[in-house]
Amino acid sequence: MRNLMKWGVAAVVVAGCSTYAGLANAADPIKIGSILSVTGPASFLGEPEKKTLEMYVERINKEGGVLGRKIELVVYDDGGAGEKASTFTKRLIESDKVDLLIGGSTTATTMAAVPLAERNEVPFISLAGAVVIVEPVKKWVFKTPHTDKMAAEKVFSDMKKRGITKIGMISEDAGFGKSGHDQSLAVVKSYGIEVVADEIYSPKDPDVTAQLTKIKNAVGVQAVFNFGFGQGPAIVTKNFKQLGIALPLYQSHGVASKDFIKLAGDAAEGVRLPAAGQVVPEQLAASDPQKPVVTAFKKDYEAAFKSDVSTFAGHAYDGLQIALAAINRAKSTDKAKVRDEIEKTSGYVGTGGLVSMSPTDHMGLSPSAFHMLEIRKGDWVLID
Amino acid sequence: MNLMTARTGGLALLAVVITVAPVGFSNSYFYDVAVNAMFNAILCVGLNLLIGYAGQISLGHAGFFALGAYGSGILTERYGVPAIGALVLSAAVVGVLAFVVARPILKLKGHYLAMATLGIGIIIHIVLKTESGITGGPDGMSLGNFKMLGLTIKGDQMWYWVVGFLLVLAVWLSLNLIDSPVGRALRAVHGSEVGAEVVGVDTSSYKVLVFVVSAVFASVVGSLFAHKNGFITPDIASFFHSVELVTMVVLGGMASIYGALIGAVILTLLPQVLAAVEQYEAMILGAIMMGTMIFMPKGLLPSLLASLKRRGGGQ
Amino acid sequence: MFAAFLQYLFSGLTSGAIYALAGLGFAIIYNASHVINFAQGEFIMIGGMATATMVAAGVPIYLAIPLAMVASMLVGVAMEKFAVEPARNADVVTIIIITIGASIFLRGAAQIIWDKEFHSLPAFSGETPIAVLGATLMPQSLWVFGISAIVIALLWYFFNRTMFGKAMLGTSHNRLAAQLVGVAVKKVLLASFALSALLGAVGGIVVTPITFTNYEAGIMLGLKGFSAAVLGGLGNGTGAIVGGLIVGIAEAMASGYLSSAYKDAIAFIIILFVLFFMPSGLFGKRGTDRV
Amino acid sequence: MSLLKVEKLSKEFGGVHAVEDLTFSVEAGHIHSIIGPNGAGKTTLFNLITGVYTPSSGRVLFQDRLVSGMKPYELAALGMSRTFQNLQIFFNMQAIENVMVGHHLHLDRRFLPSLLRLPKVKRRDRECRDYCAGLMEFVGLAKYIDADAASMPYGALKRLEIARALAAQPKMLLLDEPAAGLNATESREIDEVIKKVAATGVTVVLVEHDMKMVMGISDQITALDYGRKLAEGTPAEVRANPEVVSAYLGTHG
Amino acid sequence: MLLEISGLTSHYGRIQALKGIDVQVAEGELVALVGANGAGKTTLLRCISGVQPVTGGTIKFAGQDITKMGPEKRVGLGISQSPEGRQVFGPMSVEDNLRLGAYRRHGPDVKADMDRMYEMFPILHKKRELPAGTLSGGQQQMLAIARALMANPRVLLLDEPSMGLAPLLVAEIFRTIQALKDQGTTIFLVEQNAYAALAIADRGYVLETGAVVLTDQGSRLLNDDKVKEAYLGL
C-alpha cells in the first residue's frame, strides 16, 4: 500500500514537470522574455513595466511586427525575490527559448538573472538602477534606467551649487534605498560634502519623525537627502514638514511620479529631485530632442491606463525600443548579432534621455539625462 | 520487519524516482526546478523533525537557511575559505547559535514559541539587510561554484545528481533517527512531555537537540543553495520564506518524512504551474493552504494513506 | 534634548497606537476562540483600501467609512464561518497556516479588486503640526490617539456593560460555564471575528492619512499587532494595548538613541527578553498544567 | 526499610493548600495506597513526589536521599516511575514504541550512533523491542504489540502506561488511579497486574478510588482529606475508622 | 415526568462513560444521583445540559425531545446547571456572574431575582463587586448555585455542590438545597457525599461505572448496604 502511494507521488512529480515540455517548442514569432516584480514590495516598478511592455508589443504586432514577424512576450512575476527571478530566467531561456530578455525590475532580481544571461549568451536589458549591473561591463547585460550613482551625483552637484557642505541622509532599508545610500556615500566626498547624520527607516514604518529629529539635531546640517521609493519618501516628506525642519529636502529619482505628490500633499512643496525629462515633457525646451518622444509616450500610457505615467514605465519602453531597433538592424534574432547591435545603439532618444552605448558603456546615458526638478504648487518645475 | 521494508522500500523508491525523473526533463530549467524542490525537501525533512516529530513550531527557520547561505558566501568570496570548509563552518556557527537560543526559546509554548522563533528569523533578516559591507545588502551577493577535492559542482544536471544523492541521504538519516532511542524520545516529547519526563527523558535537552539539528539541516541546505544559485539576497531569511517552509511541512504531512518531502515538492512546483495565472497566484496559494488544512488537517500524505487504509478495509 | 526625547515619544506613541489597535484585534479573537488570526492586518488593509478607493471614486467620506467597516466585518464573518470554524480543535500550527493562508488570499483578492498603488485619505483635520514643548505632532496623530481611546472605551463599555459583551468575556474566561448559562458560543466566535474586523477597519481608516495604504499594508501591521498581543500576553486586551505602545516606543527610542537601522531588531530583542522571563507575556495567564 | 519518606510536605496554589504538612513513609516491597475523596490532594501529592511540582515546603526522601526539587527525569534515573490519572500516552507513536521510550534510560542515547543506525544500536534496539514486547505481554497487552497507540481502547492504554513505567525498571512505581474509567472486569484485571508487579519486588504506591481494589491489594493505606492525613494503617484499620467513613459517605443530615 | 432520560449513552473519546442510563425526574421532586468517582455522574449532567455529545438514547424535557438541541436553547427551556468545580467566571464580578446566569432572560424580574439571591446568600451581596475568583470555595459554590437559579429554571441540575468544601460549609450547602426544594424547585442533585444527598432526596439513583445499579426512595437507599459497598468496597 505504501509503495503504491509513492508511485502515485512519483507520477505527480513527473507529470508536473512534463507539463512544461509542451511550451518549449519555438515558433515563428520573436520571443521576448521578461521577469518583472509585478507583485511584492517592488510592484510599483514591475506593474507599470509590464503594462508598458504589453501595450507596445500589442501595438507593434498590430502594425505588422518586426522583420515581418510578430512579437511574443512572456512575462513572469518574480514577486521581487531574487531566487524566483533566477528560476524564471532559466525557464525563459531554456523552456520558452526567448531571443532576448528584458526585465529585472530591481537590482536584486537583475543580479540573479545576470549569470544566466551571461552563461547562456542571451542579450539582457535590465530595468533596474544600480551601477553594479553594468560596472564592470558584462558582455550580454545592458540597462536603461539611470544609475543611483548618477542620481546622487546630480543631487550633490545641485547642493554644491547652493553652497551646502553638510547634509543629513535618510534612506530606506530595502534594495533601492540601501543601494542608493551606499552609492551616495561613495561619491559624496568628491563634492566636498560631509554626511553628518545617516539614518535608516523601513519601507512600512508608519512614522519616521524619530530619525528626522536626530538629523535635525545633527550639528551643522544644511540639507537632507532621502533615498527610497514607495510610500516611505512621502512619509519622510510629511514628517519633515511636521517637524518644521527649515532645510532643503532632496529626494531621489525614485519618487519621480505624480503619486508621490499626491501622497505627500502640501508637504511636497519645495522638494527637489533628479528626474528624467519624461516626467515633465511639456516643460522641456522646444529644442530638446526628447520632447516629442516623451510627450507621445506619456499620452499613450495615460490614455491606455488612465493613470499617471511613471519613469519606471519609461524604462521598459526604452528597453523594448532599444531591443527592437537592434533586432531590426541585425535583421535576425541571432543572439550574438542582436547583442552587438544593442551595444552599437547610438543617439537613441528615449524617455530616460539620449542613449549611446559602447563596448565600455552598457547604459549609454550621460549625467545630463537627468534634470533637476522642484515641486511647486503640486507640480513639477524644471529648474535647470 | 515490517518497518524495515517500509524503510528500504521507501528509500529505494525515492532513489528510483530521482533516477528516472530526468527522462521527462527536456532542458536544464527542469533540472533547476527539480534541484530547488529537492533542496526544499531536504530542508523540510529536517524541519519536520522539529515540527512534526517533536511538535515544536518554528517560524524562523529561513533565518538559519540564510545564515548558511551567507556564511558560505562570505567565507568563500571574502576570505577564500574552501567551499566545503565554509559549509561546515557555517553549519557549526548556526548550530552554536541555535544551541544558545534554543533553551530559553523552547521553554515557550504554542503562539509564544511561534513569536519568539519569528523574532529570531526577523533579526537575522535585518542583520543581513543592514550589514551591506559584508553581505551586499538587499541587492544580494554572488558566489562561485562549489569545489571539493578538485571537483567542481556546476551546471544544473550535476547539481541534480548531487542534491538527489543528498536527499536520499537526508531521508535515510532521518528515518534512522526517528526509529532510534533518540528519535523515540523526540516523538515522546510531542506526545506528552510529562509522560516522557517520568520515564527518564530529559525533554528540554531533546528539544534543544532537535532544534539544533533542524537548524543545521537548514544551514547546510542554505550553503549548497547559495553555491548552486550563484546569487543570494537577504529575502531568503524573510518571514515569508519561513512560513513557506512550515507550510511545506504541514501541507505534506507532519511527522511524516515522505510527507514533508512531498509538501516541499508541491509548493516548489506550484508557482511554476501558476505562473500563467500570475495575478491569481496569491489567491490560489492562499486557498490551497486553507483548503488542505481544513479538509486534511494531518497533511496530504497521512490523510491519503489513512483513506487508502480505510478503503482497503482496515489494513 | 528634552524636545528630542518628546519627539521620539510622540513618534513612538503614533506608531504604538497603531500597533495597539492591531494587537487588540488579535486579543479579541484569541480570547473567544484561542485562534491567532494572522489575517488581522488584512482587516486593517481592507478598511483603509476600501475607504480610500471609494473616496477617490467620489463617494462622500461619511458614506465610505461605514461601507468600508461593513465590508471588513463581512470578510471577518466569512473567514470565521468558512476557514476557522471548520477547523476547530486543530493544532496550533494548522490554524496558523489557515489564517496565514487567509491573509495571502485576501491580499491576492485585494490586488485584483483594487490595485497595487498606494492610496491616501486627506487628514481629518488638516496638516498643520501642533507644537508641544519643542516637539511637534500632527493633528492626525491626535485622531489616532483619540479614536484609539474611544475604541478602547467603547470596547470597555461593550465588554463590561452590555450583556452580549459580558457573554463574550464570560466565554473567554470559561467556555463551559458560558454554555451552561445559555451563551451560544458559536455566535460569540462569529461576533469576535466581526468585532476584530470592525476594529481593524477603523484602525485602517484613521491611519491611512499617516501611513497611506496599499494591498500589502496589512503585512507589517499584522506582524506588529501579533508582537504587541504576544508581548502583552495573549487574550489580554490591556496587554495588547500596552504591548503595542511598548513596541512603538521601543522602535522610536531605538531609532533616536541607538540605531535606526536596527530599530526593528531591537524591538524584537525586547520582546524575546520579555518572553524569556515571562513566558506568557506581560499580562498573560500563568497556569500550572494539570496531569 | 522505608523506601520513600515524605516529611511535612506542603503545596499551595494561590493561597489554597492542596497538600498540607503531610508526613508518611512507604515501606520497600509494599503496596501502599493513598485514598481520599475528590479534591483531597492525592494527585498533587503524586506530582510532588515525582517532581512534576516543586513543594512549597517540606521534603521528600527516596532511599534516604533528598529528592524534592529534582526533575522527573532525574527521579526516573533514581528508580521512580509513574502513571497518570489523565493518560499521558504518546498517541503519535506505536504502542510498543511507547514502552520502548520507557526503556530510554537503559539504551544507547548518543546522537551519532542513532543517526547512523550503527549495528550496535540496531541490535540493542531489537533487544529492547523484544524486552518491551515481553512487558506488554506481562500486563496483558500481547495483542496490541503492533498497534498504534491511538487505535487502542481506554482500558488497554491504562495498562500501556504501566508497561511503559515498568520498562524504566523502577524500584518504586506510582500508579495514579489505574482503574478509573474501567469496568469491573477490567478493574479486576488491573488488580492482577498490580499484584504481579508487586510480586517482582517493585514497591507500588497507588492512588485509587475503587475501594474494592484498594482494600483488596494494599499492605498499607494512607487516607487524606483536605490535603491532610486523616488516617493510616492496614485496610481493615482504615475501613473501620469513622472519620474515613464520614469523609467518604458524608454525615447523616 | 419533567425530565425523562432513556437508554442514554455517551463517550469521552475512547471511554464509554454512560452505558444506557434511564432516569426520570418529576416536577417538584428532588432526585439524587450518587456514585463513586468516575461513575459517570458529571457526564450525565453534561449530556442533559447539552455540552457533552450523546451517542445514543434520548433526553425528553417536558415531553419535548431535546437530545440534539443546542445547550443555549436548553437553558431557555428551563434547564440550568451548577457545574462541578463551580466554574464561576473568575475575573468577573459576583454581580456579573449572576447577570450572566440570567443571560437568556429579559425584563424586570431579573432584578427581583437577583435581590432574592442576595437575600438567600447575603455573603454574595456583601461581595457583589469583587471578582468571583477571589471568593472562597464555599462562596463560589453558592455563587454557582445562585447563578444557575438566575436562569429561573424548571429543573436545577447541581453537580457535586459539596465537593472540596469544609464540613461546616457542606452542611450549609445542603440546608440551602433543602430550602430550594421546600420552595418547590425541581432539583436533580449529583453527589459523592451520598448520605447527605440521600437524606434530603425524594428518590435516588446509584451509578456505578456508567450504569444505574440501584434506584429507590432516598431514605431507603440511605440504609441500603449496597450503597456503602459501592463506595467503600466492602
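A, B, C, D and E label the chains in the order they appear, each numbered from 1.
Methods note: a residue touches a chain if its C-beta (ideal position, glycine included) is under 8 Å from a C-beta of that chain, and two chains touch if they have at least 3 such contacts.
This is a predicted model, so every value here is computed, not measured.
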If you tally C-beta contacts across B-D and across C-E, the winner is B-D
Greatest Cα-centroid separation from chain E: which chain? A
Once you find the CA centre of chain B and the CA centre of chain E, what distance in Å lies between them? 53
Let me have the rounded angstrom distance from the C-alpha centre of chain D over to the C-alpha centre of chain E, please. 33
Distance from the CA centroid of chain A to that of chain B, rounded to the nearest Å? 34
Cα-centroid distance, chain A relative to chain D, in whole angstrom: 70
In chain E, residues with contacts to at least two other chains: none
Residues of chain A whose C-beta touches two or more other chains: 39, 173, 200
By the touch rule stated above, which residues of chain C touch at least two different other chains? 111, 261, 264, 291
Touching residues on chain B, where the partner in the complex is chain A: 6, 9-10, 13-14, 16-17, 20-21, 23-30, 32-34, 36, 126, 129-130, 132, 137-140, 142, 156, 229-233, 235-236, 258, 262, 265, 269, 271-273, 275, 278-279, 281-282, 301, 304-305, 308-309, 312
Which residues, counting only chain C, touch chain E once they are in their complex? 163, 166-167, 169-170, 173-174, 176-185
So, in the complex, the side of chain A touching chain B is made of residues 1-7, 9-10, 13-14, 16-21, 24, 38-39, 75-77, 80-84, 86-88, 90-91, 93-95, 107-108, 111-112, 114-115, 130, 132, 173-175, 178-179, 182, 200
Sort out for me which residues of chain B touch chain C in the complex. 51, 57, 59, 104-105, 107-112, 114-116, 118-120, 122-123, 126-127, 130, 194, 239, 243, 246-247, 250-251, 254, 279-290, 293-294, 297
What residues of chain B sit close enough to touch chain D in their complex? 2, 55, 173, 176-177, 179-185, 187-188, 190-192, 194-203, 209, 255
